[in-house]
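One chain, chain A, links the two complexes that follow: it is found with chain B in the first and with chain C in the second.
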Partner chain A sequence: MRPENYQAVNHPPSNEFELNFGPNHPGIEGNYAFKVKLNGDRVLEAKADAGYLHRGFEKLMEGRLWIQNIALVPRICVPDPAPMEICYSLAVEELGGLEVPERAQWIRVMQLEMSRLAAHLFTFGGHAATTGMYSTMFWGVADRDLILDRFEELTGGRVYSIFNLPGGVRRDIPEGYLSRLGDLLDYLDSRLTDYDDLFFRNQVFVKRARDLGVMSQEQALKWGVTGPNLRATGLPFDVRRDDPYLVYDQLDFDIPTEQAGDALARNLVRRAELQQSIRILRQIIAQLPHIKGPIRCPIPNPLAWQVPAGDSYARVESSKGELGYYVVSTGGEKPYRVHVRGPSSMHAVQVLENLAVGARLEDIAQIMFSLDACPPEVDR
Partner chain B sequence: MTKALDTLLDSLLGELENIRVQRVTQRRIRVDVDADALPTLLELLQGRAGYIHLSAISCVDWVDELQFELVYHVWSYETRTLISAHTRIPREPGVYISIYDLYQPAAFFERDIHEMFGVYFEGSPNMEKFILTEWNGPPPMRKEFDSEQFVHQHFEFENYQPDWLRELEARGGGITKRPEDIR
Partner chain C sequence: MTDIDYEDRGSILKPLRALGFLGRPAVTVPLKPRDASENYLGFHVNDWSLCVGCSTCQKVCDNAAISMVKIPELPEDPVKGLRNERPAIDYGRCCWCGLCVDICPTGSLALSREYVHHCREEELDSYFILPDPNGMHQETYPKGWAKTEDADLLDLQRQAMDELPCVQRVDTFTEIVEGYTPDQALIEASRCVQCGMCHDACPTHMQAPEYIRAIWEGDLEQAVREIYRTNPLARVCGRVCTHRCETACSIGRRGEPVAIRWLKRYAMDSLPDDRIREIVLELKPNYLSSRKIAIVGSGPAGLTAAFDLAKQGIDVTIYEAQQEAGGMMRYGIPEYRLPYDHLDADIAAISALGVNIIYNTRIGIDISMADLQHNHDAVVLAIGLQNGRSTRIPGSDHRQVVSAVELLRWQSAGQFLDIPQRAVVIGGGNVAMDAARTLARRQQQEYAQVNVTVCALEDLEHMLADPEEIDEAREEGVTILDSRGPCECVVDEYDKLVALKTYGVISVFDDEGRFAPRYNQDNAQFHDADLIIEAIGQMSDTNILGEELTERLEWYRGRLKVTPDGRTSEPWLWAAGDMVNGPDVVHAIADGHRVASSIDTCLVAEETPA
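On to the complex of A and B.
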């Protein structure tokens, strides 16, 4: 603005002002914004502002073949794409009455847990960066890259694998893959103590995250919170355990919980989940060689596949919480309707708006990252 | 657990008229109910059967039947079952009742459905635009809205004909079908 065009506005004397937090802000996850009303640096009111990422996935899916949508769905959540493919496939398989071979189910669980590890490492990095600790970010991203290497070897794609399809998976695991995955798990396991020293026990993080964005179990249930955020309030609910899919009922793992319900507790739950995912993956490495058989069941010509009419609602536990796909078919070659329920549609909107009130401006980013909110799941 | 749940549901749902219950799988139950009875159904399920988690509200546009179908997916942490309650409302005027008093997560889903399908929920805390802030067209998830047609009406394809492409086409190669030929 030219100085001659500047016109001073007379406000009544007050410390209150409004601030646009995002969409271009280093402290916000993805393209997302908050309209924040502040008194000094204390938040009085926060309103979520979405739409910067809207690509109309649900509408696009209605115009594509059942099989084509596999290439579309992982793009809904970039850091954790595997659950998207698998959840969509589960919903379509239920409609089509397909029985997924056991070997394919194990390979799917392997992807889901690898994706969970990668997503959690990314989240820690993001959260650490909001407190100025960029080393954790660099470490997290570097270690995530090693997991992406394994994804690349298995599927050909580092981030979006487009590897699952209704009925199973595209390819079997390469030779020697499980031993390389085992080496990676040993490495990640050995890194956990380093992460503890660098981040989880670091007082810069602990003192800021403790008692920040506190949510009671009652509030969490009222606001529709799921995933690690719910478990951080003491409720051991996990879709993998309580509404099991694939072969999770054959695997041995714990559901880590914390009681405090603050930003620290949410991160500690994710830290404990890393160990559980490593534990699950080690069981898969031990079991998978003994499970023989096909990797997918026969499906009709995918280019002219008419999925029987009906509707189905599939749920999986993504790294962020409960992910749901409601799919409706009228017996045509394309879905009639697909509705995606992303866990962040609660966490990034209603929960964040509530938790931000009373916090300080510099803590909004921390609260958002502690909730692991993923804006593309809101926009879709 | 299954038998106890069946008994509980039978006793609850016996209080409502015109209701059809179908057990799809061990942990999935489908309920079809009239639009005016749905809030009562959800209140009963939440208050007396522990279905306290609203997983999602999905909307389906049945344009040929001039109806919207609303599907409320509710989960019970106790019985570990998911009930999908289906109801249909007339497409015009497309007005229904909010269940925000029962389930707070409904605010997001109702706002989303209002924006994408144009269904107005009376009593919902915020029906303002959220995702499509600068959109003035019809609700885009309605079946009559054709995204491709909209693109062709409002935008033009760039006339992309560089020299190398002309040469290639002169030799019989290049882009043999133009977008308008494919349509």
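On to the complex of A and C.
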């Protein structure tokens, strides 16, 4: 029964309509939404709708001691937390004039590459899931868990390790750790062909991902794209190589690139980076036992530590692109301002809004996963 | 370019390869929680026998997950630095970062390898727990994330204090301790975790965390203000205080306590005297009371009471028997430990508040107690312990046998002229060391050699003097003999003192713990002496009260009987300081505050109509 005051709305004859895509949608990474204008199932316009995480990390950091922020920053990117801790530490170390001991630097690089492996396994697993290939996701997550086991052994935490402090790392590596890490690398290496068969050569994936979300190098540079997304347009830019930090200049690795700039190319770059990360980690396993010394340089009592006034910018190559921390100190016990340059804020907003236009509704999730955008980095 | 040929569709039979995966173990969640790693960040465990309740974990917690809960059954002792509070964790807030573990001053807190907790909705409070050694569910799990040597967030090492080397100090009364440089003071101040154990332990409850923080922030004027809130004799206390604060300091549980005393000294020494006096004058009231108070004695108790009362606008007059003010601080502590100019500066700041000091006026001779009572609303007796106790051994009444307080008074007043070539000090406490080291310096100056022997009753392990005093005295050439009991001051036929005769000590206390030394008379020694100094304790010179007043007052075991506020049985008379509470500057200061507040309360009560 219709209520008495019901009046039918007469829509003009059109196939256009608006759709709220997310924030609770299985094809979206995290709490993130789009307002999509569609004609049939073609996207005419997409508008990013961020803000569902409402954590306000940057503001929170202003109210915490320098050291306390270490427990907060990994939350900005859940799948790839190690670069957050390390990049924040690097920025604070620059302000505080701290010299990080070499052993700590090697342990940090080890974490960064382990974290990159874990994040990439998660990402292409997620991408596969958006095309219905859940086995890949299960495999990716299960293998990522083996990396998390090693994180747990090293840091005590599986996801948020909170293991780096300005000045170094909090603990030395446990006895026999490197050999167990080596075993894990051998296993992951052996799995790569399985992943190729299951996913990267799978025509279901290849055919859907090719020519999807194509971005030229000019567009990428204009939109501030970094990381694998930029390298998939043919530009071999990598902070680890172009602005080396920690001990990356002592390590031997390649920067994989692709030319096509589409969703397929982006995934293939990540696939190749898995191999490079394994290569870097093997070098670390060989080198680390020869690097002796402390794991931390002393910092003042954290309850009273006043970082000298000034500002600093530190950047690292996270699994998603260039991650930067701009930290301002007025000489107090807490940061005056911390700005996080999360790579995903570009990828998830202006890039995704542009690439989605012309795509089909069911491909939006694919494009998002191929860009590896992490919503908390947007809502920081 | 990657080496994957994604155009290669492979053989049609290729999917059969996947059959191989059937043999692989499946990735499943085990029914029982698997063992966590050795470093695991699990639920907290806290060793209550180590924890002192300092609440540093609460301060570093970035989620405000920790609150301190009072446990009445646990011991609380501010002097030992123990609070009966223990951290409780709200697991609705905790993020298991383990910073609380890494900063814990005692090392009592750790995270275990236990990580499973579930409850029904109505038991949500069970996420708020008070960790003890057995963990969250009283199932003892092994420790996970625990303190390691290279992971301490605290600086356990104290900034070393520069001191005059022995060669430079043996023949001079220049101050030995040189004081912190600004850099040293900053680093030392940064070590403090602001737990406030020092505040609780200090007899006068100094605002140590506040002034240490002010030093760390570079605001020395604020530091001085915080110091003057409770201590008007901070230049003195910054040098010679018995620093109970440092005994209670929670950093001292595993490391060296924060040098609270030296930091106080640094703050006071860093500002010019004029500026400090201006800061003190901020406390001067803009009103005057009609009340008049007399204080007998200008030692720490008298000066502190005067300071407090002057802040209330009360007219305070101190009567001092000596030429200068300071009492034992001037006439008992050698100049190499407390230079007179610092004492003078402290006293000048107190006088600047309007305190009037009348010198060379001995009660009972120059003015009587009755006069004081008549002319004032209240009188405070703060005469200290000016008389030395005697061993009363044969010969101890000889003119060449003096008490340590007498000797030190001579030295301070410039009346110690006849320096003995050979001296023997009886006693093993800090006063004995002061006397011996003063003698050694004068002998160096006079004869360029030292001949001072200290005969202590106790053995070296139980000697009452601070170990560093003993070491430094030895460096300066003093001979220290332990377990020697004095039995006679030997006088020759010309009535000249020649030696002290001592016996070896078998035991100092009897079975019931009473002082009853037993000597081995076969083990006798003679120590040549031109002067024997008795440093075995002090007592009050209560003769000044006069017979009539002494008769009226109530006494307990030779000491004046007072209420906890310092009030005697006479309604107009209060007593404070060493004569009531034993010899110690900071206790005397605390006493001074107590009587001042008691007098103030009583006077206000009298003025207010019932």
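Here, the second predicted complex is superposed on the first by the 372 of 380 C-alpha atoms of A that agree within 3 Å, B and C clash if a C-alpha of one lies under 4 Å from a C-alpha of the other, contacts with A are read in each partner's own complex, and residues count from 1 in each chain.
Simple rule for what comes next: a residue touches a chain if its C-beta (ideal position, glycine included) is under 8 Å from a C-beta of that chain, and two chains touch if they have at least 3 such contacts.
Quick caveat: nothing in here was measured; it's all calculated off a predicted structure.
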Partner chain in contact with A:K222 - chain B first, chain C second, else both or neither: first
Chain B versus chain C as contact partner of A:G182, first or second or both or neither: neither
Touching partner for A:Q203 - first (chain B), second (chain C), both, neither: second
First, second, both or neither for A:P23, with chain B first and chain C second: neither
First, second, both or neither for A:E152, with chain B first and chain C second: second
Contact breadth on chain A, by residue count: chain C or chain B: C
Contacts of A:Q350 with chain B and chain C, given as first, second, both or neither: first
Residues on chain B engaged by chain A in the complex (per definition of touch): 27-28, 52-56, 58-61, 71, 73, 75, 77, 80, 82, 84, 103-105, 107-109, 112, 116, 130-133, 140-141, 145, 147-148
In the complex, chain A residues that touch chain C: 64-65, 67-72, 138, 142, 145, 149, 152-157, 160, 162, 170-172, 174, 196-197, 200-201, 203, 206, 256-259, 264, 268-269, 271-272, 294-296, 298-306
Chain B contact footprint on chain A (complex, rising order): 48-51, 54, 56, 58-60, 63, 221-224, 226, 235, 237, 242-243, 311, 313, 315, 322, 324, 326, 328, 336-337, 339, 341, 345-346, 349-350, 378-379
List of chain C residues in touch with chain A within their complex: 1-6, 8-10, 14, 17, 27, 36-41, 56, 59-60, 62-63, 95-99, 102-103, 111, 144-145, 148, 150-151, 153-155, 187, 189-194, 213, 216-217
